[in-house]
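Chain IDs A, B, C, D and E follow the sequence of writing; residue 1 opens each chain.
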């Protein structure tokens, strides 16, 4: 636990600073009310009303997120393997070759199905 | 000490389980399931510390993987039905009944 | 030569052959079926002739491992009781085939368009195989297999070829039987487990179960299955429906043979496997039997439908048979066995003749008939003889058996303070009631002025004569000279009773002699 | 640096059947990626079928040449013991014939991502073809089944559970016709499945908390030494049970089954109803016998209740069904109840191996008949796809006597009529249960069999004794695959119903040594 | 490190290892934390100035030169100005998340710095302590985790603004960050393979001396910095560094030509905007510091200086570290001055289609080489595997190369054909045709085929 205590200390410092900045922001500046100023910015035209919850996004982002999760998980396995590589010996190498090959197969599939293309 | 973590994990699990049962939006239901899985992870890690072996932490790894796979599959399914029906409420899914 | 296996195999092969005939070869199908059934009959005769009544109890023994894991054998053998019942089946099937010649054609007035003719005859042959198998099985598991499998062809025969309410009747029939069968299955499994002999062979299981409570439970498992099958009051309600809706031929086999499996099972399995329990439950069974006798008879009187009426008479008769079995005297049991055969013939003729009538007139209602004897004397005559046999007129076959049952029951010793003579006396009223329902029905159908609707009725044609003649001959013949049958039956019955250890005659053979002479 | 980590060893030879299936699945993905669209199916079919057949051959080879391994492989994670080999064989056989059904014809949607009724969908349909991803997905599911039934620790079991389920969730949503229904089934299956696996996982966590290990043998010995007076353990076991009962569709966790079976493409339903059930029972046996064997006095009463409830619910609710697939689903629930009887009937080693052998045999017979029945269902069609509603089946016996006859035969096998495989299956489970002291359960089982028989018979009545509807469904001319499935299933049902001894011997042999601890 | 000879080990100057952490008294910890905090605050001020100044110089202009000497106080003035501007909160925003987002952005950025090693063990107020706030067995993972938390800030900032620009900007930005995070994570693996640990202090220690390897009878000295040994890893990391921090050429989300200001469109001015800016700069410092730690030997002195015995002890290393940091930051600025912004689809395609497969292939190659270094391994198996991997990589490479080539040619032929047709018949298609001097109509030979279309 002691290893994490300093992080807590730093977090308190940084968090305090950030919260403080956000909190005093309204008080440090002038206040000149202007209706147009309080609209969302849209290059000067009337802002498009945005649905609560953000509306619907292109599916593309979801696919990217999914792919991120998949590969991030792969990384989770690569790190311990890399750290313990010397002790695992050839076994570790064989298994990781299989693992990466499998991932690459899925990767190739995604690629060919245009999962990696943007538009 | 570990009891607190266990209570927390049980609480999270219960929240998740209740959420699955009472919420109507498929995505929220799904999030509740994920919450349950993460409650399990917490329990595993806690027990790993309690027992002084690494099995629990290891399991947490795998659970994460599984949860990730589940997210991928689940969202794909939910998005498909959402596109069809323009609604993610599980109450609207009512074609199958006896 | 494995006679019994052959007996089972021949109809199965025949059934397959019939089923595989090309479409439209209906006539050929019928002929093949008839020939096969006659071959079976011939083989059965050969078996019967070679059977030695004084020999071993079980003859033609065949035992092969079937499913060693379960201790199940392909175990076949016959004793006298089984033999006569197999013979009964073998005789009835060709007769039924002949009688059903046009049943499946769908030419009858109220008959809806029927389906495949060859399927019907194929099913008939399958049923024959099952019937022979069920009587010949000495492995209890095998017996159960035949017992259940037998339902399926009969179910389809009723359901596909029966009357207006056929599907209702078929389902009712199947579910009742299946339910009973499953109870029996539990008992069979329990018997196997408790006996711990790793075998289902009947001879090896006799006398193994000694614990009285166990015996009682297992007895109930078997008995309820048989009581439903037989059918004994109050498990009888499926029979009138099934028999009334079934085509005449199927009804003959249903009532004539299938139901005998119930009474046969009581005699063979309930008594021998669980003698103490059987004795314990005897009063109860006798009560049920007597109620059945009287109830069946009374209800029969009130029927308006010929086939239902005959079905109710059968319920009454099964009461007699069950009473004979459970009275557990040599006379009553032998009488009951004989009754099974005789009832098969007499009810068979009744159903067949009723079937002829219905086929001609297109109605099963008694009220739609009248004066048949004037326009179709042979038909009416056959009807009368069968009916009289049903009411046990002396000289006709049923009389001997009914008399033996009553005498046997009357003479049995009082057990637990109940004098069984009481049952015999009450049962006798059944005989009187029988006279009422049979004669009244005959009077309404065949007597009196000729109804308009039957005015043009044709008498028996050549085929139908061939159907009725042998059965009538058997009824009369066995009425006067039942000795050959009794010779075969008595030793078996005595062995059975010896296993139950209640017979008053310790030496079987002289008893048989004596009885034979006595009749 | 850290404590030395021993490099683990893996018995690749023993795991080869499973690895082959997974490998074929991976190759399948590669085919999807690289092969041109028009060639994909032509490559998939042989790869899939050959891998399944090859895996089966490897199992035989393993059993014949090396015998049954006596120690768990892969550092105790996977137990390739006798029952596992038998279950693997069963799963592979069932998977193989389900595969014949799956690759049969256009059961699957052309473009899953297209909204039903949209122009995109019409385009996809016009282009022809279907998602060939079905093959690798199914192979992954099958591989998961193999792993699930042989997992020797709870973690592997959980992973296998998901590997098995996730592809199935997807496959459920791929029906070509009645897409909405299919998608809905998929969502329901997914949400409930994920929910239940959450329970399984939490149960696993609690058991781990109790025992300090997730190894089944380790849990067993932990139970032996502590004595099992721990609420943590009880809750854990209960939650584990919930997860497993869900998978086998035992009441009160059966609700998903009818919905999913009805909505999913029928070949997938066949795969689920046969393979998944077999695999799940493998896992149930391992958890309750191997890990919790010392706790049997505690779980047995609950199991009694579950078994009874399952049989009764399955049998009674089936009566009210009007859709053939729903009815078969309820029937599957009832059969799961019958199988649970076998799970309960534990005792000494001999008793256990008797029960186990019975369960193994039952699984095989039920699985094959089920696949056959669903194969028949795929063939009865009208304009909107399969004619699911029972009223549409009226008079099928007149229109197509052979098909109706075979279906009736399957139904009779479900009902357990003698001379069908179903009878011996039931017998094989009931008989040891009686000697194991579960007579009461057997009686309930028998009664619910009788109730169940009612609705099977009802279908037969409908098919044979009712007049056909004027615009009734047509019976599709079966493709070679479907015809083969129906033939194989019917033949197996007959052969196992008349001469079951060889297979029984196999099951006995497989069960004789029980599970590796 | 099994390959290190004992002599070399003894010669290596003592650096802190994991065991040295977690022993500080609280006040030392607070001092260190405050130091890092102040360092980063000042760093941001300095960084902004430095960047403007340097880029100006590169573009041959002066840059800020009014406030203070060399314009050094320019950033301070900017900061003050932001604090004194009106704090606009648009009407439609989700008030809570809108205010929370900058905090979520900035705090993890600071925290990530806590595992950066500044120097070896030093005596500080009578305490022997490492010049590093803390370390842990999963330190590098911690950095990645903090980076991931930062993504929440981006998404929430965009989402809570309820403005199309902000939402799209937030999505794009987060998609970009997560995409490059994968490549970044993968590029670390090579380092871990050699260092055998995830702890930053130990990674620095592992770069003290390179090992030796026996190849065919020759004894080769391996270089001590991983940047030499694992140059592809470093290059990939360097690229992802830019992508991860939304720097040129990957600064799409906030590129003015793209989506106005991206996710921070609605944070028009004021301190909230200052926080976001600060988070970005801190992130740049973090990834720079990480690159130094993982690839440039951390606080260790470079070669000529390292010949001096006192170079790697005491407080000196902090200087080397700062110098390195400034140099890496300069590289950032240099890149910004040199490269144009790339298109979003190119950005994603580059991340997913180039960096990731390259990375995976590279990892396998590193692993096989590493396996050969471990003497007890079965060499035959390793060589076989290496051959398999190599063949696989080459096969895939050639396959894709030929496929790409074929597609390129197809596309060229298509354009050529269209060009020819349009030349012959300008009105083809019934549309008024633009003048034929547009680049497209000069045929394939003159036009690069867009790389995103493969």
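Keep in mind that, in the parts below, contacts are C-beta pairs under 8 Å (C-beta built on N, C-alpha and C of every residue); 3 or more make two chains touch, one makes a residue touch a chain.
Keep in mind it's a predicted model, so treat the numbers as computed, not measured.
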Steps in the shortest chain-to-chain touch route ending at subunit D and beginning at subunit A: 1
Most centrally placed chain - per-chain CA mean versus overall CA mean: D
Pair with more cross-chain C-beta pairs in contact, given C-D and B-D: B-D
From subunit C, the most remote chain by mean C-alpha position: E
Between subunit D and subunit C, distance of the C-alpha-averaged centres to the nearest whole Å: 44
Rounded Å distance, subunit B centre to subunit D centre (Cα mean): 25
Centre-to-centre distance between subunit B and subunit A (centres being mean Cα positions), rounded to whole Å: 20
Inter-chain centre distance, subunit A versus subunit C - centres from mean C-alpha coordinates, in Å: 82
Overlap residues in subunit C, where contacts from two or more other chains coincide: none
Contacts with two or more other chains, residues of subunit D listed in rising order: none
Multi-chain contact residues (two or more partners), subunit A: 72, 84, 89-90, 111
Complex contact set, residues of subunit D against subunit A: 2, 4-10, 26, 29-30, 32-34
For the subunit D and subunit B complex, residues of the former touching the latter: 112-113, 115-116, 155, 158-159, 162, 166, 169-170, 173, 179-181, 183-188, 190-191, 194-195, 198-199, 201-202, 204-206, 208-209, 212-214, 258-259, 262-263, 317, 320-323, 326
Residue ranges of subunit A touching subunit B (in the complex, touch as defined): 59, 62, 66, 69-70, 72-73, 76-77
Subunit D-touching residues of subunit A, taken from the complex the two chains share: 84, 87-92, 102, 105-106, 108-109, 111-113
Complex contacts: residues of subunit A adjacent to subunit E: 2-7, 9-11, 13-15, 17-19, 21-22, 24-26, 28-32, 37-43, 47-48, 50, 54-55, 57, 61, 64-65, 67-68, 71-72, 75, 78-79, 82-86, 89-90, 93-94, 96-97, 100-101, 103-104, 107, 111, 116-119
